[in-house]
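First chain A sits with chain B, and in the next complex the same chain sits with chain C.
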Partner chain A sequence: MAEETKAAAPAHTSSSNTKWAIGFITVVLAIYAINKFYLPTAPVQVKTFFNSWFSLTSMGEIMIYILMALGLNIVVGYAGLLDLGYVAFWALGGYVAGWLMSGHFDQWTVNFFGNPPAGLPNGIHLNFLLVLVLGGVFTAIWGVIIGAPTLRLKSDYLALVTLGFGEIIPQVMVNGEDIGGFNLTNGTKGINPVDNIKLFGYEFGPFALADKFLIYAALAGLMIILSLRLRDGRLGRAWLAIREDELAASMMGVPLMRTKLASYAVGATAGGVGGVAFATLIGGVYAERFNFQVSIIILSMVVLGGMGNVWGVLVGATLLAWVNNTGLVQFGNIINSATGKNIDFPSFNFLIFGVLLILMMLFRREGFLPEARVRLIMHEEEFSEVAVVTDDIEVEGVHHHEHN
Partner chain B sequence: MIKSIKIGALAIAGAIALAACGGGSSNSALVVGTDLPLQGASADASTATNNAIALYLEKQGGKAGKYTVTIKQYDDSTAAKGAWDDAQCAKNAQDHVANAAEVAVMGTYNSGCAKIEVPVLNQDPTGPMLMVSHANTNPGLTVSWDPGEPEKYYPGGTRNYARVVPNDIYQGTADAQYTFQEAKKTKCAVLNDNQTYGQGIAKSFADEFAKQGGTVVVNEAWDAKQTSYTALFQKIKAAGADCVFFGGIYDNNGGTLVKDAVAVLGDNASFFKMAPDGFSGYPDLQGMPQAEGLHLSFAGKSLDGMVKGGGAAGQFVADYKTKYGVDPASSYSIYGASAMQVILKAIAASDGTRKGVTAALLGGSSPVCLTDAESITGVGFCIDPKTGDVDKKSVTIQTMTGGKETDLKVWDVQ
Partner chain C sequence: MSTTNNPVLDAQNISVVFGGLVAVNDVSFTIPEGSIVSLIGPNGAGKTTFFNVLTGLYQPTSGDVIFDGEYITGRAPHKIASGGLARTFQNIRLFGMMTAQENVMVAMHSKMSAGVWSTTFRTKKQKREEAEAKEFAQELLDFVGIGKTTHEYARNLSYGDQRRLEVARALALRPKVVLLDEPTAGMNPNESAAFVEFVRRLRSERGVSVLLIEHDMSVVMQVSERITVLDQGQKIAEGTPSEIKNNPRVIEAYLGKSGSEASQNVN
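This part shows the complex of A and B:
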């Protein structure tokens, strides 16, 4: 049985990967083309429809959420390490953009292919691409710094410590206005405005949303390719081995610490790049955004979509991000105007999320689009209960023996 | 069954989408957007503001000069945050610009949100688009404050932002002058809630108090997540303070702060405590026994002052109660109508384009003014065409008596 799936899986996945990739590219290009070429001259009704249901700001936000959910998927889905503090990496990435692409450090004047606003040369203004790379590297380093002591822990303990870091880093940002007289983060006032993106002589101002969407989609696309390639490689297989049985993996010669740290670094990089992208989307960085709920929403995207499966996570991220920023409000409006009531639908956000999660755990634990391996594991109930019981007995016995 | 529901939902969606887009292209029908946090802690104040604006527009017959004006409400908060949200503000700014019939925005409530939206509206290719706020008091939006401010919010080079309330510099200054000159206190502890508004107002209080000749004995932030401030007030007591200033907003655990201050330092009659308008308009605070005798200040005219002053302002508050069955939640809602008044005046004087509306209020040489009789707050003012600030810098000093914010004095900043 196991043999069969193994042999069949790669052929199946690569062909479905192609289909999904074509689908993703088609949707992205369609959104771009509609917004760039059709909508400017479209009738007002059509414009309003697109603007309220599929506004470009929310589409850009969705792409960034996909990028970050895929990053978390490396940690949670591939390596099986529960991370409840992913928002820390978003925050770090966002502040890298704030530091390197704005007038925040007005005591210095640096411009490296950057785009300072007219008449305000002060501050550090680096090129967007460079900031993306630096943001990724910076968060990767922090991923390793946070991971090194943390990853010695397992399961619940690991989750708790990541939760701690997820709380600490945003707090540092909130309180970082006066560190021995140095204004690092500008506190709750945040850093704004962040420079407009400028690439190869073209400036993408606040209204070049379609072009910016394409940039964010390209970043998400890059992360998709990275995730797929990594998974099939040596590192990816080592992650899966750790996820499924850490002890067995280490017995087979997988260096646990180094492999786990690598997953943390890659996941953190995606969070950092996403943070930089988000800062340019809204044109600023605000400490208050980086709260625990964001970590949970990104984790829900991974879990609902299907842990470990890139396309599942993509669907999960798209769906949840859209429901969160557009869907709930719009459906609420429809229901309210149809029934004449005035129900505040967005305020039921977490109730709906919670119920959805419970239903998923009851009926479809593996997510919308599960990874083949995860599905196999999740549907082994018939054996597993017996296996768990015998495991317990064995473990008890061993412990007993040891104590003696 | 499920299929028919789906089709029904689609049909409804289509119908709504079509219904949502009446009017627009005609040049004489203009839209003014209101941009407020409609969810979370500020929801009541925002709803009252939208109501007051709707009532004011109704009284004008929906007209500004030769133009017909309607309102479109935008929400800059999200349920998940329960407060204004940076991404939502960025999205709203795009939506204001995308709505072709919209010529100006009334809002925002929070200065942080305005700092995101103003630069976007400023770069509108058909604009710049005008924003008039009824509640942003952070100085940096209009005058030099933090590095790069306010120029960094106006990348297009021309101003497009005005407000009808004085900024925090004046309120903090007035509070400090009152505390030193009227209450005769000389050693103050200045606290802030570590947020944009709180830090700004605490800074201007501390600066002015020192300038007056007083001493600031403690100057630090309170952490909104703390469960007790007893230690903080013990420290203030030990430092020999005879007054304390709460620079911040009530939402940041202000209730516990006031209770602990009274418990450690004594009641408000024996120990002078003052809070800025971040503490006004909260029924929770008004009903708290420890708040009795607390000094409050309000930038501009208070609701109490408007009602007692009678005239157009008193009439408007009475009309509001008749129409909606309740009193307006705070005087900010009346200032919302005041901001609308300024916008309508600018529209009437313009050619009906965004650029024209902005130019009618800002950038010119003669300011747009409202007389005492005209102004909905009962106090006339002019908008400085260079900065967008109001020229009336009076601050109302209040005290809490019997669970109500009662006016003590109108303080003109010296």
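This part shows the complex of A and C:
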């Protein structure tokens, strides 16, 4: 076989992983250091610049979106199952935080290494780390409950069912303030405040944003490690095999349902953990935030970044989350003040994402930073030109056949 | 190697009906342990359908499949496969965008145990399991003669190497029986001749019984101990290569009525 095609082969080399990991850690630490040590004493203009373009809230949100996009990437990118209702897991995780870290259930008083607001001991107040775990477990269970009947469906139907699920859960939350007299979700008013994070005696209140950012970055970092390691292990191989050829995978002893369910559960867990984290970031849980558009944004992050590739998804999540929470507003302001108009740019976000997705599908279907293997299939002609020159006639025939 | 009479696979009175079409009609068939047997017949005779019944892809309308002493009729395909009944595909079905090594390792899934937890934390057991799997994968790639393609994507391999990789992947299931669906399709005569030797090595070195679906008569006649002939869903003959060669019904099925001069072609 030709040397040229060989060069395209090993995709997920550990050296490039190391580079990316160092890059990620460096950026995170730089953001932390700037906000923690430099900005408090910086000139006002610098402060304003950072707060409007790179606010810590938006940076924390980006980290949470990275976590969730990587979770969805396991379902969509690795196992090839289209999930249009991912927001449901985010919502469920958020409500776990709402239920277990606030005064919402004031008929009970529980405090397990928690952090109830001063003078308001009522409600359930569990430790943040415990709630993270419980949120993940809770959504994983829901992932299995939803997945068990639906993962038997072919992909289009699976997409429809998950779409429905993504609509139903938030609706339940909106209408869940009086379930037989029991106030489960506090309806449209939502649950707030959610307790401040308290870890090892340190409390991270609304103004400890830099520290909270670091916590969320750590969660994203864990998800990166999990994604990379799973990818190279027994489950990751089975997921990829299912993505490529379900029938052949089952003929090689891969149990389809169990393996798909595993991907669904891992993805759901990330969504749940993201939900808990997000509730602590904004200090509350609000049903109307969990809408269909979130599912689409997270899916776009996976597709835009490069389905299956952890670092691509990370870049996609970072870009889209930033454009969505900061970029559109800021660029909009600049354009508005330059033209004297008053256009509400953030309300065009889905137009912009839609156009972006169409352009991507037309010109760069594999995403910004695809897995090498995906780039291979998407740009097969470039590679097969090499192959045709050097290969035997049979292979040329095969390639030719596939073009048609 | 002499074959024992113990059948490792025993298909009894298999019928498959699709709507009004009888694809396989009351076919019984056994693979004696340690044997190399072939299933032949003209196009559309029901060979691949029969194959798909054995591997659990289709449910037979009636009949039973007994593999290694157990009824496997109606069992999920992945369970049949991990139970030791491995196959290759007529139209190569590799995982094209996975490396050769990964392709082989997918088939070890059922023999491995690592889950989300142990993989994420790289436990000792997981690392050992993974290392052993890689070693075994390399052994199999070497065995089929493509030991240098370990880290190449399956889709980049030459056609012949893809066929070999399919066999390596099937062997990773540590099967008792390997079903090869038209393995020499697209091979030139030299490659086909080498393939005969390869099938014998499969049995002697990997200890598997082999069932071949094959069109290349010279391969079939050289390598098979017993041959079963299907035509229009029915078993029309069964026997040793020399018996099959001279069986008038077989000649008729392949070449039409005036078969006497045609029998030389079969030879």
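Keep in mind that, in the parts below, the second predicted complex is superposed on the first by the 367 of 404 C-alpha atoms of A that agree within 3 Å, B and C clash if a C-alpha of one lies under 4 Å from a C-alpha of the other, contacts with A are read in each partner's own complex, and residues count from 1 in each chain.
Just so it is clear, contacts are C-beta pairs under 8 Å (C-beta built on N, C-alpha and C of every residue); 3 or more make two chains touch, one makes a residue touch a chain.
Values in this document were obtained by computation on a predicted structure and should not be read as measured data.
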item	value
Touched partner set for A:262, first chain B, second chain C, both or neither	second
Which of chain B and chain C A:225 touches, first, second, both or neither	second
Partner chain in contact with A:248 - chain B first, chain C second, else both or neither	second
First (chain B), second (chain C), both or neither touched by A:188	first
Chain touching more of chain A, residue-wise (chain B, chain C)	B
In the complex, chain C residues that touch chain A	55, 57, 76-79, 81-82, 86-87, 89, 93-99, 102, 105-116, 119-120, 122, 126, 129-130, 149, 151-153, 155-161, 169-170, 172-173, 186
Interface residues, chain A side, partner chain C - complex	1, 5-6, 8-10, 225-226, 229-230, 233-238, 240-241, 244-245, 247-256, 262, 266, 373-374, 376-377, 383, 387, 391-392, 394-395, 398
Touch list for chain A against partner chain B, complex	44-45, 47-49, 51-53, 55-58, 61, 103, 106, 117-120, 122-123, 174-175, 186-190, 192-193, 205-207, 209, 278, 281-284, 286, 288-289, 291, 293, 297, 324-325, 328-329, 333-334, 337-338, 344, 346-350
Residues on chain B engaged by chain A in the complex (per definition of touch)	9, 12-13, 16-18, 20-21, 24-25, 39, 75, 78-81, 83, 85-91, 93-95, 97-98, 100, 112, 115-116, 119-120, 123-125, 146-148, 151-153, 155, 157, 194-196, 199
